[in-house]
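Comments concern the structure below.
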Amino acid sequence: MRKITYAEAIREALIEEMRRDPSVILYGEDVANFGGIFRVSAGLKDMFGDERVFDSPISENALVGGGVGAALTGLRPVVELQFADFLFTAGDEVVLKAGMWRYGHGGAYAIPLVVRCPSGATGVGPEHGQCPEAFFMHAPGLKIVSPSNPADAKGLLKSAIRDNNPVLYFEHKLLYATRGEVPEGEDVLVPLGKAAIAREGDDLTLVAISAMVPKALKAAKRLAAEGHSVEVIDPRSLVPFDRETIIESVKKTGKIVVAEESYKTLGVGAEIGAMLMEQALEYLDRPLRRVAIPDVPIPTAAVLEAFVLPNEEKIYQACRELLA
Amino acid sequence: MRKITYAEAIREALIEEMRRDPSVILYGEDVANFGGIFRVSAGLKDMFGDERVFDSPISENALVGGGVGAALTGLRPVVELQFADFLFTAGDEVVLKAGMWRYGHGGAYAIPLVVRCPSGATGVGPEHGQCPEAFFMHAPGLKIVSPSNPADAKGLLKSAIRDNNPVLYFEHKLLYATRGEVPEGEDVLVPLGKAAIAREGDDLTLVAISAMVPKALKAAKRLAAEGHSVEVIDPRSLVPFDRETIIESVKKTGKIVVAEESYKTLGVGAEIGAMLMEQALEYLDRPLRRVAIPDVPIPTAAVLEAFVLPNEEKIYQACRELLA
Amino acid sequence: MDKKLKLEIYRKMLLSRRLEERIAELIKAGQAGGFMHPGVGQEALQVAAIAALRPDDYLLYAHRGVAYWVARGIPIEKILCDLAGKEGGTNHGKGGVMRVVYPQLGVLGESGTLGGCFPIAAGAGLSIRVKGEDKVVLCFFGDGTSNRGTFHEALNLCAVRKLPVVFLCENNGWAVSTPTEKSTAVKDIAMRAAGYNVPGKTVDGNDPEAVYDAVKEAVDRARQGNGPSLLEGKTYRLWGHWVGDPEDYRSREEVEKHWRSDPLPRFEEKLAGEKILTEKIKAEFEAEAMATIDRAVEFSRSQPHPKPESALDDVFA
Amino acid sequence: MDKKLKLEIYRKMLLSRRLEERIAELIKAGQAGGFMHPGVGQEALQVAAIAALRPDDYLLYAHRGVAYWVARGIPIEKILCDLAGKEGGTNHGKGGVMRVVYPQLGVLGESGTLGGCFPIAAGAGLSIRVKGEDKVVLCFFGDGTSNRGTFHEALNLCAVRKLPVVFLCENNGWAVSTPTEKSTAVKDIAMRAAGYNVPGKTVDGNDPEAVYDAVKEAVDRARQGNGPSLLEGKTYRLWGHWVGDPEDYRSREEVEKHWRSDPLPRFEEKLAGEKILTEKIKAEFEAEAMATIDRAVEFSRSQPHPKPESALDDVFA
């Protein structure tokens, strides 16, 4: 199968969905003229015209709230924020408008909105490097996806655009350049709410999110060489969250490590831990291990950033500890 | 000891701290002329003048961000938001400015800011009734307190004002009118980060937050009549979080129920569950039970609101189930 | 404005007034089950502005009163059901009377956070523009709300993309207990139009004809693709911020002074002077209003509460 | 502006220019370890404005270039250490060069989200006011940033409470790849002053004297308790948005045209014409700049990285 990058996969999904459905539009800061600061939407303005692909003012509230208004009235807007961190700048529009307008109005409207959020620490400090999925996983009414590879990036974005609900789509900046096989075909979708078993195994369940998936797979490989069979689960979508797949795996392995680029306290691993304690307590034979950022903002300098970020080694060590 | 209401306790704390320290100021929408829409700050403008107590425009970003700027430059501002929900409106200012300015600037400044956030569902719907503590518990750099009674309301607010860090102070609207004993004395503080054991017990640990504490105590009383000894823990402060007290209690009881007015997924109960799974797995003899809002926005109509809110009966049932 | 339209505006102002009076009674008697910010005194502005819309235009009303809905033609009984959180309303108890919604007439709903409406209005304008329609969005907001950052972002976005949105400020002199001049740096909210290079106009908000003309002009302009406008009607909040507001923050004299420019008797006199409104018509309107309200109250009383477990519905589509 | 001040402004403009040229070299050679938005072409505006401050005033600079810090007197070696995330800088690797901070000179730091500075500036103004000081806050921001809602909220708050804050827009024609007229509804950002009833003034941002005079006037006004002002300097971003920007979104001709009004040679010629700047002084300034920069680069190279575990410090005070 052909291999393309994660960024190309996102771009392909946008192009196909915009071709398929004239109600899909794309806007955000620098997405048209420049093709996005990560150049993911390069060329789209020329393909679809500047009514459907346009540059916006630096106005995150108006961007996201405008997306809600456009979605309420029949469009399927895809809004790009330059950095996922700017979700906070549009906090009301994301949590209370996108997440609750439908509910508060008794289901009178649907909100088919996608907010594209480039996430992940890349040496740019506390306000441009977060993976803030867990904040929004707590908010009712929002769907959340975090693809870890090009095929999922494409298939999940297409599903997100076709979904009738607001979806926060987290694209990890460090994954943009990664290559992978991506099936062709305009109706190849990846459903929201279905985890992927990235590697099968019997001894330990390792849940990894977004850019942690490749690192988890490497750690699993190292552990395999040492005789441990690790099952790597990539939830792919955090809302809806495929609890079943994780619970089933843990029933088999009895051990769980969660690797994520969130802050540890109330990161995704907290929900996984609590869920297992509710639904699979009798199967757990070792304590939970969460590999995450130790509740500090993300520092800028490389040595500091490396200290707080989860990585292959930390994942490996956490697994080792449980397998010992 | 004299009994005063929760609202009076807050007001007393404000008065005492403003008397004690001229750098303490109070502002927000309608706090001066009207004394706050819940009348908590009635009369303060007359006591301290309209430079130190003033009404602000409807500009939540400027209120909270202004509080950060004032705190950076030597004041100790207390900012009132009319509803805790408006923390989202000031998302950037709360999470990235208050929470991260100090860290991002290498500790050059302290941010002694208090944001008062009236929380809790009272029939006013999805955007005026939330208890959003858990969202912000995930954010590094913010302290969080949620007093459940007048004495704590006073003592914690005084500590929050004297603390050199940003503190989100959640005052539950349904507690304003509750009365309780409050010791006199301007230096009677309740430290941030120390849980209270609201009732001792041996059979089950029941952690309850804010307005859930009185309900949990009632449930515990009912259970006591049935021969079950329930320990009720009120964390009081969620950041810093007194993990020790909960873990110790669970080591004794082996069972835990968490009651909170958060959304269930990634509510405070998730962190408690995960923490116990990390640190006390071998002591847990029953699954975790979380009594919380089932991941829907808060509806307005009384029958609907009652259906989603945790209450004494739901807490009682969750405990019963584990004690069976 | 022709005679028929004048009478229609008067009729709806009257109906709105009577409805709010009834709602206040119900609330005070503990029989409404809901919460309300009354709009008494602002009906001229609300009804006349909405009269300038086409049925397929979009409306984002503000949080003050019932006249928007009455003007738009939403059945009164639905409003009362929403107030009481009953079935038979527009949002099935989910949002209360603060979130009346009516897609058939482009009524998009309400943001619980003030100023949440501005970006939504801009987005609806974007839709119209992308789909090549000739609809218009009318977005109401209060003087206090004009200080939200979303006002600025949305006005600018609409202006740069020439979106068909008319922003209409109801400047009633107060935001809860805070007088406009204490919270707002300009005397006329419409002066803010200069920051976005769009037309700005202030009119007497208690004069339905002035309001209608100004809104009509702005709506036409938007419909023709010439972009947004910022309008302001000066009016006054004759009642408290909510039913039960102690109002100890403003003087009785001030309020009484403004009762003397209550738009309802003022318009009544004008139409009587123009021989458009006769005593007979007036009596008919009053009777009709009372009958409609009585029926609606009855209807709402008879309606069931939503099923408790329906609280779990409508999170996702 | 007296002769000494003119020379001092020129000297700092030159030093800033040379420093950015060196930083660009270091970044291109992979030796800087950091990320930078260069301010080449905007030094006149930045240096002259800051010259109007007192040492105890507060400064919120924007994200573009080093001249703010050079102007304020922050040692160059500290800037380079922050760029490289080394010890010896101002923030110990926590915030990089985007968060240079210097409490001794009222330099409060920077918001990573654009527009985050506006409320902070208002808050600093509030402090001054409550403490009864006569300090002033100077807050820089870009044309694109003027579209954030926080601009509106902060300007209004400062205006209603007459806070001593001077808002100064560096209108350089672009926000990343978006020309100002595509994102911003007004030609002159200073026109937005009308929305807050405060003085608004646009000056040639490449003319240090015009900038200094305008800022001085606004600063004096603020210091005397007469409230905020909104100023704008027209300038141009001569380099890309960041070092390495392909700049394929704008024409070479446009950029070249603007190089012809590069404020550095322009001011040089003016001062030469006024016989203030001699060849000798110029050569001395150049030599001094180079020596300072060389020493600073050396210093920064010799500095250690922060201890990895120090990443856990500074979350709470």
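As written, the chains take the letters A, B, C and D, and residue 1 is the first residue of each chain.
Quick note on the criterion: contacts are C-beta pairs under 8 Å (C-beta built on N, C-alpha and C of every residue); 3 or more make two chains touch, one makes a residue touch a chain.
The model shown is predicted, which means the values in this text are computed figures rather than measured ones.
**Student:** State the smallest step count from subunit B to subunit D, taking one step as a move to a touching chain.
**Tutor:** 1
**Student:** Counting C-beta pairs in contact, which chain pair has more, B-C or A-C?
**Tutor:** If we tally the C-beta pairs in contact for B-C and A-C, the bigger total goes to A-C.
**Student:** Using only Cα atoms to place each chain's centre, name the chain farthest from subunit D.
**Tutor:** Most distant chain from subunit D: C.
**Student:** Take the average of all CA coordinates in subunit A, do the same for subunit D, and state the distance between these two points in whole angstrom.
**Tutor:** Distance between chain centres: 36 Å.
**Student:** Roughly how many whole angstrom separate the Cα centroids of subunit A and subunit C?
**Tutor:** About 40 Å separates the centre of subunit A from that of subunit C.
**Student:** Could you put a whole-Å number on the gap between the CA centroids of subunit C and subunit D?
**Tutor:** 45
**Student:** Which residues of subunit C are in contact with two or more other chains?
**Tutor:** Residues 93-95, 99, 111-113, 147-150, 153, 156, 160, 182-184, 315.
**Student:** At least two other chains touched by the same residue of subunit B: list those residues.
**Tutor:** 56-57, 59, 61-62, 85-86, 88-89, 92, 96, 103-104, 125-127, 140-141, 295-297, 299-300
**Student:** What pattern do the touching chains form: line, ring, star, complete or other?
**Tutor:** Chain contacts: complete, every pair touches.
**Student:** Can you list the subunit C residues touching subunit D in their complex?
**Tutor:** 147-153, 155-156, 159-160, 182-187, 191-192, 194-198
**Student:** Can you tell me which positions in subunit D touch subunit A when the two form their complex?
**Tutor:** Contact set of subunit D toward subunit A: 33-35, 85-86, 93-96, 98-99, 111-115, 144-145, 147-149, 175-178, 182-184, 248-249, 305-306, 308-312, 315.
**Student:** Could you list, by residue number, the parts of subunit A that touch subunit C in their complex?
**Tutor:** Going through subunit A, the ones touching subunit C are 23, 25, 51-52, 54, 56-57, 59, 61-75, 77, 92-93, 96-97, 101-112, 140-141, 143, 164-165.
**Student:** Applying the document's contact rule, which stretches of subunit B touch subunit A when the two form their complex?
**Tutor:** Per the touch definition, subunit B meets subunit A at residues 85-92, 94-96, 99-100, 103-104, 125-127, 134-135, 137-141, 239, 241, 262-263, 265-279, 281, 284, 286-290, 295-297, 299-300.
**Student:** Which of the residues in subunit B end up touching subunit C in this complex?
**Tutor:** Its residues touching subunit C are 29-30, 33-34, 37, 55-62, 85-86, 88-89, 123-128, 294-297, 299-308.
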